[in-house]
Amino acid sequence: MSRQNEAEEQRRQRGQRALLLLSLAFIAAVTLCGFLAPLLSPYSPAGLQEGRILEGPSWSHWLGTDGLGRDLFTRILYGARVSLTVGIGTALIALIIGSLYGLISGYSGGPLDSLLMRIVDVVYSLPDLLIFILLSLLLGRNIAGVLLALGLVSWVRFARIARGQVLQAKEFVYVEGARAIGASHLRIIMRHILPNIAGPILVTLTFSIPAAILAESTLSFIGLGINDPYSEWGTSWGTLAQDGWRAMRTYPHIILFPGLAIFFTILSFNYLGNGLRDILDPKGK
Amino acid sequence: MPHALRIAGRCALALSLVILFISCRPSSEVASDKVVRVNLGTEPPSLDWSVATDHVSFNVIANLMVGLTEFDRDLKPGPVIARSWDVLEGGKRIVFHLRDDVLWSDGKKVRAQDFEYSWKRLLHPKTASEYAYILFDIVNAEAFHRGKIDDHRLLGVTAKDDRTLEVRLRHPASYFLSITTFEVTYPQRQDIIERYGAKWTEPENIVTNGPFLLASWKHEDEIQLRANPRFFLGRPAIERVDMYMINEKTTALALYEQGRLDFLDNHSIPIFEKPRLVKHEGFRSVPQLRGYYYGFVTDRKPFDDARVRKAFALAIDRTVFPKILHGGEEPATSWIPPGMLAHNVEIGVRYNPAEARRLLREAGYPDGKGFPQVTLGYNTDEDHKIVAEAIQGMWKQNLGVLVRLENQEWKVYLSKLQSDPPHIFRLGWGADFPDPDNFMRLFTSLSGNNNTRWKNRRFDELVDLAAREWNTQKRVQLYNEAQKILCETDLPIIPLFTTAESTLLRPRFAGLEYNSMSRLVLRDVRLKNSQ
Amino acid sequence: MVRFLIKRLLHALVVLWVVASLTFFLLHITPGGPFDRERRLPPEVLANVAAKYHLDEPWWNQYTRYLTGIVQGDLGPSYKYLDRNVRDIVADTLPVSASLGIFALGFSLALSFPVGLIAAYYRNSWTDRFCLFIATLGISVPTFILGALLIWLFSLQLGWFQAGRWGDINSAVLPTATLGAAPAAYLSYLLRSAILDTLGEDFVRTARAKGLKETTVLFKHALSNSLIPVLTVLGPLTAGLVTGSFVVEYVFAIPGMGRFFITAVTDRDYPLIMGVTLVYTALLVGANLLVDLLYSFFDPRIKAQ
């Protein structure tokens, strides 16, 4: 490799790191805003303020107000809690179910493996949205129900990746060696296989978060998103944007600002995922 | 420039040229003068008026068909196909005399037998019509529907000859004439239905008698109606009606603004756009015979105490609803809606936070202290959400009680109402036929739709007495007393408002409106400057 | 080859059967029934309605009745659309969804190939980053917000395109772009990384060492070898696009089939839900099978197992 290429490579890495840090910073800021929402805004995200219905952005209401006179900025702050919880929670549920499944499948091999993979085929052949809806009707209209419904649909990706990685790792010399000296299965998995599959799984996790936020916003469009202004959780960004879609012509700010919040958050997670992949899983770029 | 880039560049150029070409086409199609384009909202589930159940289907059917009677501006049934009728035997027998100049679209005359067939079809168990019960006042109708009687000749509806239809009722029913305004009682052609089976409603098969003919039906997309030149009340002024099926209100409004749609209604106007559209020429708000209420489950704490229920009713400022829903909703304290016989604004409890707090204290919950956790349920919907959140705020402010909101998808909600209802639930009620019986019977002990589990013998008695009463004055008095029980003393429900239909009609047209039964009446639409 | 085909077909049938059964049981444990109405039906009326659709029979009978129906090619009646049966409804709406889906697929391919190629060619430069950014946009906005944005800009402000309904080419532009945005982004990413992967392989190095022009290397060797991963995702992607998207069909008022994945559930129109689900699954399984066949055609190294 020429020196020029090396310099380019360094520049690239620096650029990549900067983007990664920027994304991380944005995500941290959004999370913090969600936690500190009551301190950051003098307004309540709930209730009815009769005199302030559907105002545009102003000094007292930076992002304007909505159909019940609630401050949109405040609602977006509180909404960060729901949307991030949905994103991260769903991804974690999917991760746990999926990697365990993939691990068992890949590690055991043989007929159990093919049976488990046939089940994955079936789950994969179901229309996602339909299953979301059915599960969220079955599990109830609260944050836990939505999390579980989304998680139960999106674990398949983790299962496939985990299984693939396990199959690779099983071939490694040291795994075979460990098995030869009679190490227990649990030990082999914990010691030798998990560390190997952690990288790709973490990258998948990062990409699953924006996917879950998008999925929740699709549920919101159908009217099944999370909305409970008086609870600690508040109303998701998806639901806020859906309210805005119904007022788009006259009051574009109601869809614009939640839309931007979703956009920048998802963008950050995607850049974070790209960056992590470069570092943890350089082959898969 | 590298080869790859050059190719990519050419592709991009070609693509943008194509887009440019497409976009240069005139974007707003010029509608022919005598075509009016309206939005149905969704695909009508059925155009067979024996089995249709929803307002979208009825909106189409009501323009294809006419029946015995239709109601006038005062919501009294007036003659259409029935020239006149005699009420005999104290209201137990009604004889309709039919006109002989009403034609089906295939040229045959509409006969009394067509009504007899249609009503028997409605009642037949195999038809499985959800509205069969609407004719249960007819002699033997219920037994026939249950399959206990097979012989349809025992039914109390008979065509005495081509022009005479005789109906025998189990008991006098002052509202029966109103039932004959309802689309499910419109006549049907036995020969057509038997020839084509389930496909008889397709445009090439269907035979109708109303102001418009079904010209085409592109499912999920568009229905076209053509003026019926042989309509017995005269051919409509408009040549054609295009009925689109645009689900999203925002999209419908965008199409209106692009000049691709001429008429918007509640299913096409997003509520937050109403404040702007109100100022447009052609915007109207038509009150509907549809009540919106919150009900209490009255056999569970804390709402088994009428004082608590009354406190919750007193704590609601109903003037807010038109301000947040923007659609000309009429705040209501009593149950029978404006426009209907026996509507009475005097009845009911009004906003009074001090009195509400006093009652709540009296019931043992000073300033809401010690009040159990209660849930307000509603089905997932934009408007219901806004109303629920607003009322939640009022109760919190005026009573110190924070009610938990819980919304459920419609069907889940309906099944929960029976199995595991929330303490307070939202429901609405629309009239099938414009008679107070339809509204008041809802809360009687035997009503299958009374989700409040509230029973009041006097109330039941009053509703029954009123149904048998042909003297209008006396009926009103009976309903007044019943409404006082319902909305002042017992309050198993809080009436909130009656809905209104907001409509926006392109100013070059006139005469297109909803009637108060939520029907789109297209018969009188005309271009403004022509006669 | 024939044995492989038969095996795969049998496998596909099993998947279809499991999907049908799973959906059937999920539906039947979901609260709320098709004839729950605001105006509750009197029991005798409900009994007649239930009898008409055999809903009064035990679930086992309903299940076997349904499966027998499917085997005979009968998808059953619709509980909601009383004048039509499920087969009519699918026949009416699937072609619309399919044409929109194919437009969207074409759109995403037309967009992702240049973007992916340019990004790979100028890898790690600002051009690359810009291309990736554009691609990321496509997967960073919920579909309905993207649709809203396009309608607001191109229909209401500029007046270029029709805001909704399905008809001429003009009306197809916005829904195509909305539906195609996410796949376009996804494919761009995929192409870029696939090309970069092959660029690192030995035969490409050899080609370079032979002094071939970079563009020749890119097109002749890297691109053609990068088609395999694209082909892999293209199968399921096509099946998904062709069966329609609820959001796009609602936002743009398009009479397609995707809407039923939601509306049939909210109506509890069991046969219709089962019908569209089976169509979806059949297309998906079929597309995957086709991709596998194409594999062994394109790349003899991958032997049909």
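Residue numbering begins at 1 within each chain, and the chains themselves are lettered A, B and C in the order written.
The definition used in the following text is that contacts are C-beta pairs under 8 Å (C-beta built on N, C-alpha and C of every residue); 3 or more make two chains touch, one makes a residue touch a chain.
Computed from a predicted model, the values in this text were never measured in an experiment.
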Looking only at which chains touch which, which shape fits best: line, ring, star, complete or other? complete
Greatest centre-to-centre gap (Cα means) from chain A is with chain B
For chain A and chain C, let me know how many angstrom lie between their CA-based centres, rounded off. 22
Chain B-chain C separation of Cα centroids, rounded to whole Å: 37
Between chain A and chain B, what's the gap in Å when you average each chain's C-alpha atoms? 43
Pull out every residue in chain C that's touching 2 or more other chains. 30-32, 148, 151, 156, 250
Numbers and ranges of chain A residues touching at least 2 other chains: 137, 245, 248-249
So which stretches of chain B touch two or more other chains? 250, 254, 257, 409, 412
Where on chain C is chain B touching in the complex? 30-33, 35-45, 47-49, 51-52, 80-84, 88-89, 92-93, 110, 114, 117-118, 121, 148, 151, 155-156, 159-166, 168-170, 173, 213-216, 218-219, 250-253, 255-256, 259, 266-268
Residue ranges of chain B touching chain A (in the complex, touch as defined): 249-250, 253-254, 257, 270-273, 275-276, 320, 323-324, 380-382, 385-386, 389-390, 392-394, 396-397, 402, 404-409, 412
What does chain A use to touch chain C in their complex? 8-9, 11-12, 15, 118, 121-122, 124-127, 129-131, 133-134, 137-138, 210, 214, 217-218, 221-222, 238, 241-242, 245, 248-249, 252, 255, 259, 262-263, 266-267, 270-271, 274, 284-285
Report the residues of chain C in contact with chain A in the complex, numbered from low to high. 14-15, 18-19, 22-23, 26-27, 29-32, 124, 129, 132, 136-137, 139-145, 148-149, 151-152, 156, 193, 196, 236, 243, 246-247, 250, 261-262, 265, 273, 276-277, 280-281, 284-285
Footprint of chain C on chain B - complex, ascending: 2-5, 8, 11-12, 15, 19, 22-23, 25, 27-28, 43, 45-48, 51-53, 125-130, 132-133, 142, 145-146, 198-199, 201-202, 218-221, 244-248, 250-252, 254-255, 257-258, 260, 409-416, 427-429, 448-449
